[in-house]
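Below you'll find the structures, each written out as structure tokens.
Consider the two complexes below, in which subunit A is the common component and subunit B and subunit C are the respective partners.
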Partner chain A sequence: CEIKQLSDCLIRLLLDRRDGTRTSEALTPAAAARDEFQEELVIRPLHSGDIYASFQFRTLWDTDFLQEGQKVSHYRLFPKSLGQVLSKFSVRELHISFTQGFWRTMQWGQPFIPSPPGAELWVWFHDTVSDVDGNWKELTNVLSGIFCASLNFIDLTNTVQPSASFKPLGLGNATDHRFLRYATLPREIVCTENLTPWKKLLPCGSKAGLAVLLKSEKLFHSSFHSQAVHIRPVCQDEQCTSKAWELRQTLNVVFDLYTAGQGKKEWSLFKMFSRTLTEACPLATSSKVYVDITDNPELFELSPATPLLSQAVVLGDRRTYSVFDLTRAETFGQLRSLNLLLRWKGDGEMLRPLLHAERYVAGFGLQTGEIHTVIYNNHPYRAFPVLLMDSVPWYLQLYIHTLTVTSKSRDNKPSYIHYQPAKDRHRPHLLEMLIQLPPHSMTEVTVQFERALLKWTEYTPDPNHGFYVGSSVVSALVPSMVAMNTNFTQDQPLFSSFVPVKEESSYFVRVYTEPLLVNLPTPDFSMPYNVICLTCTVVAVGYGSFYNLLTRTFQVDEPSLPLAKRLANLIRRIRGVPLLT
Partner chain B sequence: MAAPLTLLLIVAVTIRAVLFRSSLAELISARVEVVSPLNAWKRVVEGLALLDLGVSPYSGDVFHETPLMIYLFHFTVDYAEIVFIVSAYFVDCLSCFLKPLDRAKMAINSNYLKSDLLFNFPGCCELISWFITIIVCLCFCKFHFLCTCKYTDVRLCHQIADGITALALYLSIQTYNKDVFRKQKYALESDRYSADCLELLRSPKEMFYIPLKVAMFYLLNPFTILSCVAKSTCGLNNAIIALFIFCTLKGSALLSGILLALATYQSIYPLTLFAPALLFFLQRLYIPVNLRRSSFWFFTLQYAFMYVGSLVVITGLSFFLLGSWDFIPSVYGFIFSVPDLTPNIGLFWYFFAEMFEHFRLFFSCVFQINVFFYTIPLSIKLKEHPVFLIFMQIAIISIFKSYPTVGDVALYMAFLPAWSHLYRFLRNIFLVSCVLLACSALFPVLWHLWIYAGSANSNFYYAITLLFNFGQILLVADYFYAYLRREHHLTHGLYLKKKDGTEATLVLK
Partner chain C sequence: MGLLSDPSRRKVLTGLLTRLNTPICIVCYLAGIVWFMGLAFEPFTLRTYMSENAMGSTMVEERFSSGERALSLAKEFDAHKRKAGGMPVEWLVKAMQSRGLEVFTQSFSRKLPFPDENKERYMVRGTNVYGILRAPRAPRTEALVITAPCSPGNTNNQAVALLLALAQYFRNQIYWAKDIIFLVNEHDLIGTQAWLEGYHHTNITGMEYSPLQGRAGSIQAALSLELSSDVITSLDLVLEGLNGQLPNLDLANLFYAFCQKLGVLCTIQGKLQRNDWDTAEGYTHAAQTMMLMVLKQACGRSWGDHGLFLRYHIEAASVRGINSFRHYKTDATTIGRLLEGMVRKLNNLLERLHQSYFFYLLPSLSRFVSIGYYMPAFGLLAVILLLRVSFPGLCHCFSVSLQPSSPGVLTVLTPVVISHLTGVALYLLPVHLQEMAVEHFPVSETEAVVLTAIAIYTAGLALPHNTQRLLSGEGTEQGWKVLKLTALLYLAVLLGCTALINFSLGFILAVTLVPITASITPHMPKALYALVMVLLSPAFTILYCVFIYQELIEAPVSVSEGWMLFLSVISQGILDHALYGSLVYPLLALFIYPCWLMFWNILFWN
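Let's look at the complex of A and B:
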């Protein structure tokens, strides 16, 4: 598999080099659809002393791949490799993320775009697709080549069709979850080879603009790294008369500069990325750096200071940002380079995230166990419902009758349960439920499972390391402290406009729990020949003894005559004398 | 005989009730030796939970009971109170009604010959009255050990199943003994036995307690008790097989066919019991086993029709209950292809966990064929002794089936007292008993070392299952040998002489 993946990668890289000229060609026929590119970096100092940097690159293209009879062949900003994949497999929406490390919600708050550890892929197919599973299989293999990741390990045994947790984020009100596929690979390790193809999808590559900061030796020297691609159809304008395709490439990284910097709470772009910014991407219509200064100036000081301030309501909280517009020359000052610098002055109290979840395995021994999922509602007075989704591999046999949901030590019956039991070696368990979380409470969901003994060829090469179970997904509309912005405007910062806001009073949050590592009983891998021989021996003992008794009869044991007597008898027979006995 | 049997039932029920109440029950119900994926109670509850959720229990791979079973439990659990009240009401009515009837019957019986009293066949009403005794015992227990658990009443079900099995075995062996004695008398009268084998003949005195011993071997066997306390549905399957044996020995071809179909429907393997049942009926009706005789074919087809007909009806019924054929791959496919490799006391799990993938199909055929393979040669060899053939078949099923549990072992072990007259010919009964006892003790120990302590690996547990099966094979083969040898001695005399007049030894040639 590794070899196949490598060769896939090589082919991909060669292909990319061949059409790498696409940006420089700049052939823009008059008839071509309008497209635009925006880039954005948000830096949020976290109260733990860590720095959260979130890159977003958005390509908007006013065209429709999926329209009948229209063959799209002119690509300008939108990467051709993805465009072709979208049209070939009739993808309506595609979300893929690669994450190294675990987002610590309790210390860091909510991320702009959450993602589970490992790889996650969810796709809504167009409702004209007849063979969804076949398309999904091919799509995962193609994406595996594009991103140089082990997505080809996604098959029916780890794919589920959530009924409620994953709604389309773009246009269209699809509810038929037969066209949805969701899979995670919690074991996937994300590294440079995934970052390089991801950067190649950007119109400026990593040559100009914000992408120059994306140096893998720094990005992967961090507490958390997550890169994602989200493709969805969106409205072209406020009236929503026609459809545009949106490609969002996001990269979130949390640097632990506090411990790395000998306990000094200060950072700069150069310290984080070992680069400074010198220009915007020439193809970008907007290129901005936002620094969250809501707690300024009590806690830290930012230099160079900027007069531009922007306010945005994000994740139920009104935040103030300093904005550095890279398209304007004065941003770079005399040195022609922008290096943001920030010094902390003290500690502050962080707003506790309203929703938070964690998960662990309980029990001992290798026979049974219990999965505990704990969901916290930290809202002081509002109760709200959450959707919990669990996808558990088939080799952990869940017993749904042992499912208990308790809040405040009282039974809390889920108002909706969607359960699809696993089929051995064919599909995983899918458990989705709608739980009402009482205000300021801890809700515990437990379910028992039994560990299966697998065939010796089904174990991973390091079987005693254990098997990963993907994160549970908690999705909720959390009541907001401030009124959310429901207006659709183009000039909203990208990070606040990813999830469409439908109502003012609440905002959508998705929380991923830790993936689980579960040990399974193992056979002795050195034994196959011995086992086959020994078991067959026992069966043969059974066969032999029955065969013996069935085919033979009892007879009196007459000892045969000694050799001398037999010889004598031979002679006697010839002579016709009575034989000896 | 009634008093000891009642006492036995009460003791058995009390032991089970006490164990149900103790904390051991939960421990026992998780033991892999006692429950298999096919009959674990936990999985039945899971199936019921899935039904409640509106999901087909066969859509997953946890539930492998047959549809009739799940609907039986669905009904029992949902309408437990009604079932209980109705049964209690019936008990009251019937016991009032049957007591005088029973007494009258006893009075008639006492007028018969003294020797016949031994084989006095308890009629249908006696069976019912026994049944009632059990229910009364259980109701008594229920009142005393009432628990708040939703599935309490199912314990009643399992206890009743065990009681029925024991009772059916008791009555079967009683009938069988009567039969044996009658045949022995005829053989003696027609001088078919050799003169010096008088000590091999069976006396009414030694046969008197055999049915009770059989019931005791079943009810007080730790394997049965464990199986019942774990609420394994194996007890119910045993009850069906025991009732099948009872009906066969009573000569009711229709009931026997129906129960055999039910047993087959439950776990497919009892299919092989068709041959001994057929042989028994042929013998009973004095039809010679001759392929050229039309009467033989007529009866065989008749019996086969009853069997297949009821099988079709039962399967059709489950289809209509469930509305789909999902249960066929989920129950029978599961039995044959052995996808679940959870350790058990059988030969399959480790073998198929360690199997090379491209040989899997070949070896699953080879291993499955073992159960069916011996049927024809055994039927030919034992065509005069169908009851022993039944014992052999049940033993072979429990050794070579894909998901055996100790409950299956307990069923054929219950027959051992019926062959107590073979004891003098058994060659290695001491060794085998030691092996089986040691293995039974070592199962939990090595399981603990492997799964919990982590200081042993799967090979330890596998070695014990191997030895246990080896012991079982030796045991069955030994009884087979002893049976054949006794038959040989009956016709050829006990003290065989060589030509030169010295004492001879018998060998298999």
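Let's look at the complex of A and C:
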């Protein structure tokens, strides 16, 4: 192993030198220094008493390696393993997330970056790629090696090409969804072996900066854990003359009041992560901790207090944050360590998220069933459209003619439907719909299905566990709380608040429903030997002889005469007298 | 098979079968009964063992300790129940919320087809309260259910309180891989039925309910708790569910294993286990336990809240605390630990319970009889029917009757159709005619339904043979033979199908129906055989079962009490069919009774 690493190093050195000599003008130190790294932690105390911590690490790479003739092999902050993957497979955008647990929208509100349970991967390829499926297949295998995950289970039977739900988030206006691939693995279990490679992608690793808090024994002692990598092209400057690459690594975790907090509404960095902060990552240009104090001081108190405050409209809501800048020495105080302490004083009331969705399987028995997707619009007076995307494996055979969409017990006709039927053993069903949600309503989408009988080698090793159907995705532009409150004039001058500002009037939200676990008709695999023996015996003994009996005609044989009689007959025949019998 | 392909030997064999038909049938019948009774003999049974790997080898340490708190909670719950005059919904919602559960309620209402006099209810309105403990790691795909019925009066307070105490303890643990639903249901089975239908978004019984707001994926297993006193002496496990369905045997094994581990006395059918199988008392005890299970299974009703879960392929059992004033006492903490252990092991399940048996009889908690052992007992009875088909002349006449000139098939058709019409009347009329009956006779609705059923049943005895004579004149010798052949085959198929689904029901029906149906001909002394046939008819079978059951649970009844019980059993059977979809009543009314009428017809052929 070491020898391999050594040779890798040598090769990299050689390559660097060769490239360095060739493109020495392009790679001036000034250009390389434009690479940038930022780290950030947002802590949001939730009304349920739980606490939400969201890490973001942003690495900016000032190179456009997808341009013709440009070959890049110099990496400074950007992880080389990912950079090589991007250039080899001509990836335009890559989003991958690993999630353990389920985001409880009803209790926690919206997350900053939503993700479905299990693994999710969606990739936009460059439009020069000719064999997208081949690239996708190779890419998933490479990524499964990089992240130690079973992404290699992604194949054509669980990959779809959504036509509208997943648009590129970065530069470029790609709309041809032939270059998009989307797949989820709802069964993927996330654990430390996925966290370690993820941490290795950070410039400081887990040695310094915010990443020291990422200790697996605490991160996985939580009720929600999600880590993600998002790569997209962004503008290098304001005029957008050239492209740069942005790598965002995010990690979201929710600590539970009862299991991690011992039932006390009192949280500190040490209690959450069993570490405190002592320094910023030296490579980072900015390193900050934000604490959401919008409900302060009525609900909780924060210590140490900081004079730095920041206001932002996040997910349609105006929030106030205390900011702790880790690049400044005074943040750490005399103890040279920062241990934030949050203490709740009262009970907050539950938030009712404006958009929220859930899904379940109705019916019983192993023949048919019905998938119900329920989408709630809790906005008191505004209707808004949502895009619903469902990807259902082929072994649930959807009866698309039974598709119904009802809101307020009235038929709701989707204005756009994209349905791609499944092919057995080749591709899943894909259903995308644009549905208008009436204000303050519950919209139910139902479709019936029949459970297929699989071939006996197609069952998983634990067939009685059931088969997973990935989350459905609801994407929407939700009217924001800020715009909702038209009487809100306290902090703003009057002239600015009559017509709601466009950017603030709605915000983009993606809501994932829970995955489904569906039982298929399963043979009893525990006794194949007995069954084989029994059927063979029944066929051989029972069927064989009965068939024999039924098809043959029977005749009574003349018993052969004894020797003496035969001799007598011989003589009688010669004499011409009638024979004996 | 060489035997059959040799014509001369085949002739000998068929000759033997026809000549010795009656003795062989008698031997088969006796052998069937003896085989069945032998199932309770311990050396013939198997020892139960845990088949499921995930539950067997994993160690679970029980740490639940708030039994005392549960008991004080029970008092509090009782006070609130009295104040609310029913289920204290608000208090329960608050109690569950404060323990960190996601709480939802479901209201339901159901109008019974006729008043239930046992439980004194007609219009039922109620609310189910359930809280979901979300597993930290799982995305709401799998769930376990713990239910406790909120019963009227003083009963079951401890069960609800223990449920809340367990919820509080479970909420602080990190290891849950499946969501746990804590359900407190009102109006026992009706509430459970409403909740289950709501959860699965089906409506099979015409219940009205509000849709459920919170779900937790596919339910893997359920436990129902019934505790009515602070200390108990033993725990009883109830397995028999709707239509005689049983949960996977591993669930019973799990319960037994934890009772052994924690030193709790455990019973099944309310009977303790005995170790003296080689004595007469020991055997009788085991036989009684098994007979009780057979009777309970045969009646096809749900013997606890768990019974309704089985239809949805959810393995479920009821655990019932019994306080019988023995010296040996178990406190609430131990019961809590027992449940904690069971739930934790169920939480460890990687697949649905499927490894062990679904078809079994239990002569005691540690011994079981699998389907392979008990089916021959039924097979020996069923083979009599097939042997009688080969009775001299019967086979022959069937081939004759198929010839177009013969009137055989037509003569058979009339009694068959009329018998079945009587069956349909028995199935439909009692419930639909109740209003008319109440108007004209001084009876209550329930009595009206039961008495109408009995009246139709009795009227059916007079109807068919008269009409048959009316339609086609004198019955011919050949006619009754064709009818008997048809009826025998029909009965064999009916009993065979019933025994596959609900062995106990099939066996009990076979024991009473086979002897008389096999031997019946029109040439017998009519009065005597008519009496015997009536005494072995399905209705009398139910009556006998009532008496035997009372005898076995050591609460013998007098004849008049037995008669009252019989009437209530009939009304309960009809109610079970209407409320939960039990199939015993339609099976008896639409198939078994008409089939029996066909034999009745043979007796009065001429």
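Assume the second predicted complex is superposed on the first by the 462 of 581 C-alpha atoms of A that agree within 3 Å, B and C clash if a C-alpha of one lies under 4 Å from a C-alpha of the other, contacts with A are read in each partner's own complex, and residues count from 1 in each chain.
Methods note: a residue touches a chain if its C-beta (ideal position, glycine included) is under 8 Å from a C-beta of that chain, and two chains touch if they have at least 3 such contacts.
All figures in this text were calculated on a predicted structure; none of them were measured in a lab.
Contacts of A:364 after superposition on the shared chain: both subunit B and subunit C are touched.
Look at A:462: by the touch rule set out above, it reaches subunit C but stays clear of subunit B. Legend: residue contacts after superposition of the two complexes on their common chain; A:452 is shown touching subunit B, with no touch to subunit C.
Looking at the shared chain after the overlay, A:399 reaches subunit B, while subunit C stays out of its contact range.
With both structures placed on the common chain, the touch criterion links A:372 to subunit C but leaves subunit B unconnected.
By the touch criterion defined above, A:552 lies against subunit B and subunit C together after alignment on the C-alpha atoms of chain A.
In the superposed model, A:425 lies in contact with subunit B only, and not with subunit C. In the superposition on chain A, A:516 makes contact with subunit C only, not with subunit B. Legend: residue contacts after superposition of the two complexes on their common chain; A:202 is shown touching neither subunit B nor subunit C.
In the three-chain superposition model, subunit A touches both subunit B and subunit C at residues 364-366, 522, 524, 541, 545-546, 548-549, 552, 554, 556. Within the complex formed with subunit B, the subunit A residues making contact are 364-368, 394, 397-401, 417, 419-425, 429, 450, 452-457, 521-524, 527-528, 531-532, 534-535, 538-539, 541-543, 545-546, 548-550, 552-558, 581. Those residues of subunit B that touch subunit A in the shared complex are 30, 32, 42, 45-46, 48-50, 53, 55, 59-62, 339-343, 347, 349-357, 367, 370, 374, 377-378, 381, 399-400, 450-452, 457-459, 462, 466, 469-470, 473-474, 477, 480-481, 484-485, 488, 492, 496, 498-500, 504-509. Across the complex, subunit C meets subunit A through its residues 1, 4-5, 7-8, 100, 102, 134, 136-142, 171-174, 200-202, 215, 217-218, 311-313, 350-352, 354-355. Against subunit C, the residues of subunit A that register as touching in their complex are 100-102, 104, 106-107, 117-118, 186, 221-224, 256-260, 263, 358, 360-366, 370, 372, 462-466, 468, 514-519, 522, 524, 526, 541, 545-546, 548-549, 552, 554, 556.
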